[in-house]
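Given below, in the form of structure tokens, are the structures.
Each of the two complexes below includes subunit A, the first together with subunit B, the second together with subunit C.
Right, the complex of A and B next:
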């Protein structure tokens, strides 16, 4: 996992959107994709079923251009949420610099969220990564749904955010909170860059 | 009168960018080492760029690190006012005293010194006083000292004498970072792109940026809705870069807990990019800051920092920390070498080679050269061990004083002065003490005759190496001088001895001297030295008593593998002898006579030899004549024994172990 290559003057961040099925991971990527100028985005690769469920993964490369003399690229991935695609999830997680956990705010999805969170933890462990050491942010998606159906961000924090990582309410479909989330994870990842460069 | 430090103005919330990095680092350095790094530190910049923040940051940090420091912050105007009030109250002197007791003086806005002659001279006086006392002064101004109108040239040079640094206008990234920090402090949150839009505005100073943020906050509060980047630009009257925002995408589900989505016209990606740029800039360039801080630090300590400066030219932080660590290691090594060399030869320690980590090899060589040239001072002679020192009532006090010194060198009896007639064992005891002291870890014991000390000094003067000579003695842990009375009349030696004495005593090093009589009775010794010698412990070694004599004789005979019979020991111990030396001479004569005749050493033989009834009398006419001519008791005779072959065969007259040529002993024939 080489985040910064000082010789080639490159920064490459791999950010994985993780979460239960139908929580809105791909929607996040689509929103980002739509806002990135053509010149800066690569082709978004999406392997979906006919019913628009992610089968394999989505991949969106973004070229941020020269930043402080570094050619900076972000690679956004999503994992398939369905329980039976765990091997794919593990594969995608490999070498991730940061993870966005996209939770479905609907109250009835709480168990799925918890299960997926545990799955994230165990998959990371299989890669020898301690979830406590990896940059992670929580996104509570679908906050635009009627209040009676969803849990408030504070409640979701209580239920899911044991580590007290940054969390963002979002409505990925319309974009609210999408870039805030991306910014949040980017900052964590890039701060590690400062800490990770010989200090 | 004196303003309190604003708690919000600390280094923690001072946003550092390229334009103020040097000033911030210098400020931190000064706060960490008040009075020693850059004094005075003079910071200048246009208004609203953080001078006051920096100045107070210095105060906060200094106070944090050393809570006991007396720190005063005030603007020049406040100072002038205070001065005028003090003068009006007739308390001008009290005013001056008060500021001279300040550990860190922070004066803001000194540009107002223009055309104030009396305040200029007051500040000059204060600056001088504080600098002399090692207290820190930090001043800020809106222009460099030389550009402050009508400023006294002496004050200009005084103010410029430390470090003068400027703070430039912040660059875009720094502006964004400052705006974020300020918005956060005020608990305001803005939509993406808003602060970036403000940062894009042609506002050159931080206060204007703050003003812009305040306006946006007020606007947001009034309208109860978040403002976007374009609206912010319009509100601030910044040239509209883009047409007013396209209609917002409607939010269908009207949810809670999330702000409405941004209108598509807002360049969310652009805002994201700007954010990432700031973060990357900070993260990637952090190493440059570290290097710059190291440069400032070591330059401040007087070391050459070329190697660190070269690091700044590279593009990546590859091995920067290793390089810094290596640099610091080299500097530490230089410090060790410099300290060592300073002890051996102070003149060499001042060389620049000990301040340049690039030349560490030269420094090592130089140190090695100095080390090689720095012969250790003369050591005590191993021929005089303490175990061989015979103790009896005549020298009991002196020996116990010596044992007390050995228990607590430099602390109990220093100086110790051993007084006694020639030959009563002073030199032996002195050397024995020296040998014991030398056993201690790291001990450097100088033990020599005063004559040798004088000769060394003369040689050093001749070779123009007095510094080197002094350094050689200054690093000893004990100085033992035999026959100190020989400095009588040697003014320069007394001067050097006086200084050395004081220095070693200050460092609690042991001083021991021998003299034939109490120091205050010695002629030709300066009062200041005599009184210092008297100030320690003066103990007398008396003429050897019977116990000492018996022990000495027994030792000598035993050393010659002779088994002395008690009557012989008693006989020799009972003979009158005013010194150990004469006793030894007598014993040796008896032994040599026995050797010559090849008979055992007996009391009878001793009587014959020492009381004039030598069996060799008729064997050597000249010898016999000499003795008869002398006509005196045995101890006065020479003890020369002439064998039948005509060659001299006397232990006393024969040098068995030839010492070094300059030290060869030539004994007078009596």
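Right, the complex of A and C next:
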């Protein structure tokens, strides 16, 4: 849930990067961390296994600066994508203001993407949140791979984007689409605040 | 030492606790890790990291308790060589809050922290306001500000 301080004019929002294992959630945060100036970001915290797979979450706070007179901070989280970490995935979702679903564009990963999307819906419901009411964008990552291995964004939209939410093709390793995705979810989350909806 | 509250009603209870318990760092946060009040941190961003980790520890032990079919653990304590960490939850009108306390072992002790935590919990419960109806926050034309901010952030 967004934290809004009308006295100090500050806003803090929680964005969660969700998706199947190895889809590129942590890579998105690493790219943001590398590109954002020191003064506008905090430490990146990664609770990972010895083989650098996310165990609990990655966390990166960034300072967006003044938006409409409010000092605005976003807290970016990733969840562990591997199926057997569902309990921790559900915990990280608690209080999320928006979700970026990072799908793996490889054709052979389509079932994993669908399973993760259903898992997102079910974990949100456990927190009493209807996925249809939560700001959500889709990112189709690994679009840099050979065409014969991947599905095009339009095909992934057909297969995964049931709600017709904003979607972005990406190559998170090299940064393509990372900024656009963050901008997309930021707009949705702040639009919700601007409308005075319950955050 | 930086002492500040995002929600002013949390400040007085926290300041009283810091003085009585001799705490070095204190965070009062929501169960999702949003900071409501802080004492002793110098960089706002590091506060957020500490809050995210503290909330995660509480959330994971709550989940273990749930799976054991028992009420949530009341408090957690980790004692290091020089510092101790104390984490506990407080139900309030504002929802379930989490308090993270770091104390120096040569200044304070777990017993002292536990003793005054009870008072902090009671003060927070008494001071917490009833939930408000959400109101409009940002102007409708915030998109331009957001675009400029993100462009600056990414050096575009």
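One rule holds for everything that comes next: the second predicted complex is superposed on the first by the 191 of 199 C-alpha atoms of A that agree within 3 Å, B and C clash if a C-alpha of one lies under 4 Å from a C-alpha of the other, contacts with A are read in each partner's own complex, and residues count from 1 in each chain.
In this section, a contact is a pair of C-beta atoms (placed from the backbone, for glycine too) under 8 Å apart; a residue touches a chain by one contact, two chains touch by 3 or more.
Remember, it's a predicted structure, so these values are computed and weren't measured experimentally.
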item: Side-by-side fit of subunit B and subunit C on subunit A, or clash; value: clash
item: Subunit B versus subunit C as contact partner of A:171, first or second or both or neither; value: first
item: Partner chain(s) touched by A:72 [first = subunit B, second = subunit C, both, neither]; value: both
item: Which of subunit B and subunit C A:186 touches, first, second, both or neither; value: both
item: First (subunit B), second (subunit C), both or neither touched by A:94; value: second
item: Touching partner for A:57 - first (subunit B), second (subunit C), both, neither; value: second
item: First, second, both or neither for A:43, with subunit B first and subunit C second; value: second
item: First, second, both or neither for A:83, with subunit B first and subunit C second; value: neither
item: Partner chain(s) touched by A:145 [first = subunit B, second = subunit C, both, neither]; value: first
item: Which superposed partner A:125 touches (first subunit B, second subunit C, both, neither); value: neither
item: Overlap of the subunit B and subunit C footprints on subunit A, listed as residue numbers; value: 4, 7, 11, 35-37, 40, 64-65, 67-70, 72, 179, 182-183, 186-187, 190, 193-194, 197-199
item: Contact set on subunit A toward subunit C in their complex; value: 1-5, 7-8, 10-12, 14, 35-37, 40-43, 45, 47, 56-57, 59, 61-70, 72-73, 75, 77, 87-88, 90-92, 94-96, 179, 182-183, 186-187, 190, 193-199
item: Parts of subunit B lying in touch with subunit A, wherever the complex brings them together; value: 192, 249, 251-262, 267-269, 271-273, 275-277, 279-287, 315-322
item: Subunit C - residues contacting subunit A, complex; value: 6-8, 30-36, 43-46, 48-49, 52-53, 56, 59-60, 63, 67, 134-143, 145-147, 149-150, 152-156
item: Subunit B partner contacts - residues on subunit A that touch it in the complex; value: 4, 6-7, 9, 11, 32, 35-37, 40, 64-65, 67-70, 72, 140, 142-147, 150, 152-153, 169-171, 174-180, 182-183, 186-187, 190-191, 193-194, 197-199
